[in-house]
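Each chain gets a letter, A, B, C and D, in the order it is written, and its residues are counted from 1.
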Amino acid sequence: MKSARIGMIGCGSMSRYHGKMFGPITGARVVALCDPNQQNLDRYQREIFDPLDQHPPQFADYREMLAKVDLDGVMIVTPHTQHFEQASAALAAGRHVLVEKPMVVTVEHARKLIAHAKRAKRVVSVAFPGSFAEEFAYIRGLLGRGELGEVVAVQGFVAQRWLTTTRGAWRQDPKLSGGGFAYDSGAHLLHAMLFLSDLRPTEVFAWTNHRGAPVDILTAVMMRFANGALGTANCCGEDVRGWDESITVSGTKGTVRTSIHGNRLEQWDAQGKLVRYPRVEPVPSLHQNFVDCILGRAQTPCPPVWGLRQALLMEALYESASTSKVVKVRPE
Amino acid sequence: MKSARIGMIGCGSMSRYHGKMFGPITGARVVALCDPNQQNLDRYQREIFDPLDQHPPQFADYREMLAKVDLDGVMIVTPHTQHFEQASAALAAGRHVLVEKPMVVTVEHARKLIAHAKRAKRVVSVAFPGSFAEEFAYIRGLLGRGELGEVVAVQGFVAQRWLTTTRGAWRQDPKLSGGGFAYDSGAHLLHAMLFLSDLRPTEVFAWTNHRGAPVDILTAVMMRFANGALGTANCCGEDVRGWDESITVSGTKGTVRTSIHGNRLEQWDAQGKLVRYPRVEPVPSLHQNFVDCILGRAQTPCPPVWGLRQALLMEALYESASTSKVVKVRPE
Amino acid sequence: MKSARIGMIGCGSMSRYHGKMFGPITGARVVALCDPNQQNLDRYQREIFDPLDQHPPQFADYREMLAKVDLDGVMIVTPHTQHFEQASAALAAGRHVLVEKPMVVTVEHARKLIAHAKRAKRVVSVAFPGSFAEEFAYIRGLLGRGELGEVVAVQGFVAQRWLTTTRGAWRQDPKLSGGGFAYDSGAHLLHAMLFLSDLRPTEVFAWTNHRGAPVDILTAVMMRFANGALGTANCCGEDVRGWDESITVSGTKGTVRTSIHGNRLEQWDAQGKLVRYPRVEPVPSLHQNFVDCILGRAQTPCPPVWGLRQALLMEALYESASTSKVVKVRPE
Amino acid sequence: MKSARIGMIGCGSMSRYHGKMFGPITGARVVALCDPNQQNLDRYQREIFDPLDQHPPQFADYREMLAKVDLDGVMIVTPHTQHFEQASAALAAGRHVLVEKPMVVTVEHARKLIAHAKRAKRVVSVAFPGSFAEEFAYIRGLLGRGELGEVVAVQGFVAQRWLTTTRGAWRQDPKLSGGGFAYDSGAHLLHAMLFLSDLRPTEVFAWTNHRGAPVDILTAVMMRFANGALGTANCCGEDVRGWDESITVSGTKGTVRTSIHGNRLEQWDAQGKLVRYPRVEPVPSLHQNFVDCILGRAQTPCPPVWGLRQALLMEALYESASTSKVVKVRPE
């Protein structure tokens, strides 16, 4: 069987993580690397490919890689504001696209990318780990079958030692990141709030605090959903803890609590009893799913409409934060 | 040594709980009961006093009890909107007052009650269990010594099967309760956010959803504190769970997580390490402290200024909820 | 449909517990009570039947109950040494039997009871909660399908504040109990070691310490199983804790840890990874199963051979404890 | 202030761990390495010293190191049966000794080493991490002050994927290890049973199972202590889990549960209540303590008498395992 040939756009630390994840997948092969920074390329080669005695070609410019290498798909792991251009180019070159979160950082880019993908008849998959986790699939199954009843409240938080650990990195440069902690780790939480409630926010209220940094470090958000449910999110990028987070979805017939990446689950039934052995089914990994999408045998659980939904939410969020007023979320 | 003689105003289920707690305290004695509902009086007598072979006098009207019984203090466990009048009358009669949360439900009542207490030279103590818990005392000790650094984020939630279990009870009658879930269980969370951060909110934003009930069932709240710290609170009164809640205070040098009633504690130090054996010192119980206050040998950790702070917060919260706008919290 | 008519032999506190459990089962009805102690009968009537406005006949002598009441089955909840005679009489009267653990306290009684049941063509079911728990069924499923590989080690403990809480009660009278803590709470652990390993012990070594009581309070046990696997059990009847226990079964392909009553489960797979969502299937309760057995639509997961196995083990255990030598377990 | 100059005898993986631990200690310096295997020396140099740009001399023979380098102390991290000779030589050369567990593997060696240390007026400290943990110090404080009452039961287990991971290594060569899993990871558990109960075992019963390996893989042990308390230990060296263990000490006034290395603690008081905030005081690390011993400002919590006690216990354990009879532990 043909292997899916994948090119990496962006070879920093998250990209190396993804490279390792692609490794054991039968039918997948990373066949080209691209990064303007030669040190990133060298380290990627050393850590991922040297042990396998493989030497994929390296490129400084992704356009050159797209032009010269026969690829089935690309994975994009670059600063947020570059995603749109790179993904669009890859689609134009007929490649499938797996793109790190956030998909893009403006609503217009989101709409255009959806159109590009449609025209190119190629898959765009947004790499939120949560959306590819068995726990998220399970919760959406509960929602779909009505087993949580009507969702009435969603609340979550993400706390991370982020202000100091990303200081000076592109993540705190708004031209590259499109936003601060709320658009980085916060993106996982905010996406999960929509994905796990299956509700659309109609109004958003937010405050941010930059704590002297060039981007938002603290963000408090409230959402009013279409059915009147209320959501709260607290993104604290100046915590002493390396990482802590949780999301809870309360419905009239059940409540679930999980990580914003999946990986753990508590469920309470209509009587409020903890469900001791929830029937969570394994699902293919993010990386396996992308290969399956390329090979035409699966669909992504996180298509680009989720990138649009996040862009719409973030647009409202930042406008609210700058005006201290409720902002309506534009329709999809 | 003289025993503190205590009269109970309100003899429902929470009052019986308090009656049991007073039982084992040397130097305290409940010597009079008052409730307009004879069934409450009967059940109180049967459950608390029959086993002790005690038969304190019973009253339907607290004014009569105040007039006829030689009391040192009263505990008020009645619908929220009655607290002010009852506490004021008790102070006027020279009694110390231990009052269930919320102390009162308007700012004006809070200010007046503080004045009454001052004039009467009597203690008013607000019965938030958290404020009398060793964990809260410990956290305030950390704050006072600067061991948490500057507080930057406070986040919490309280979820309870409340809509159905209090349906038809006074708690859902706004004339008696002054508000809904946010003013009942929510009051613990919102108080804890102020008490455990030692910050004053300057602005509040809130949405509520009555879910068809006469009072708020779902409440989402954000607070901006004087130093720019951000707080989020999610009060979900329509949860399948009997009770679940948590509050986290993140400072620049440490983070703490506890229950809104105390009773558990996680603490992370400046390096983000979980503090394995925090030095939490035991403190006298809520009931012991009231007796100690009466006997002049202690002060309450929860004086009526906390009742005023809550009233100021709730005033802003409900105004925001009704206008969907940010509301400034009036100064103390 | 006909209801299963059940008579209770022994109406103390454990019996009342069982009475409550039979309550909600469709197709089951407790129709007669028997206890030589009128206070037990009165309390049973008051707590279980008065709320239902039922008044089943009461007997001091179980023989009279067996003779006068049309019963399908009996539940025996009496001092251990009485089980054999009562169960035998019930079988002779054509009744099915659900008997509290231990089934009997001698090997000869166990063999005879098995013969009686066979002759009477009636069910005898031994009421170990663990053996009726979904976790035990799940673990035996793993064992049966070879998913734990070969069991090599079994270890467990049970610790309880038992010395003081059963002082003066029949449980510390060897004529009634047949043994001490090891034959009371210990019986659950020791049974579980056989039931969850599906191994037969060939040799036993044990020490006991009476701690001044008429029966064993501390018991340390080792078992060598037929395949060479080793088991250790620590029964501590003089612990400050009300109750604590655990049992772990280690196989070459997996390890499981559960309570000696079921109700919780940890499982590690062949790679040593915790199995996050084990496929534990619900099973009928102990009480439902007895009714199902009576109605001929199920078999008991705990037939009397388990009573025999326990008797064989306990015989060897107590002989070892009195000789300080290894004792071979007699064959079934 | 003078630094303590330390030589490493044995430079395998555990030694590198210790080397890293000595790193941050002011007043300590590893100044010489010794290992017959040049690869071990190279890796030690590369991982520990290259980053510090230090190049301590290397030796293949510890006698040469002792002769040529001015040392205050040595740490011995070699196969168990070599400890005696190496420690004795170091003492003869006037060096203090920190020796990995087990100190030695025969009673006679233990007695001689104690005599050597006495004669040389040098410290021998046995490197059980547990004995240097704050939790162990705390528990021994409770014991010393009688806060656990009389210890009546001790139970523990250690389970590890050991059979396959140490196959072919010296740990499964009885000439080098002196025993199998029970003398390796089991040594921690068995030592902890004596150390945390402060009781001496008078009789031991044990079974072992080699599972086809040259040394014991499964060991079940029972101990009868001088006061009649009973101990059980289950050492399972063929578990799927990488590592799991626990030890519980039950006294008449309290129970404690900890890891066999310390690092966690549960304590129940005389009423059986979990002690929420035990007053565990920090203690110097194993490595800091050795430096403090060298500098004459501290004593070791784990002097060589503990090595003797373990040797006496293991002697009885292996004799019992080979005879299937109770063996009396020889007096100290």
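Just a few scattered comments:
We adopt the following convention: a residue touches a chain if its C-beta (ideal position, glycine included) is under 8 Å from a C-beta of that chain, and two chains touch if they have at least 3 such contacts.
The model shown is predicted, which means the values in this text are computed figures rather than measured ones.
Considering the contact criterion stated above, no chain is in touch with subunit B and with subunit D alike. Each chain gets a centre from the mean of its Cα atoms; the one farthest from the centre of subunit C is A.
Rounded to whole angstrom, the centroid-to-centroid distance between subunit A and subunit C, based on C-alpha atoms, equals 52 Å.
Chain centres here are Cα means. That of subunit C falls 41 Å from that of subunit D.
Between subunit B and subunit C the centroid-to-centroid distance comes to 48 Å (mean Cα coordinates, whole Å).
Taken residue by residue, subunit C touches two or more other chains at no position, since every residue touches fewer.
Taken as a contact graph, the chains are arranged in a single closed ring, with each chain touching exactly two others. Those chain pairs judged to touch are A-B, A-C, B-D, C-D. Taken in their complex, subunit B has these residues touching subunit D: 134, 264-265, 276-280. Taken in their complex, subunit C has these residues touching subunit D: 152-153, 155, 157, 159, 161, 203, 205, 207, 209, 211, 218-222, 224, 228-234, 236, 238-242, 248, 250-255, 268-272, 324-326.
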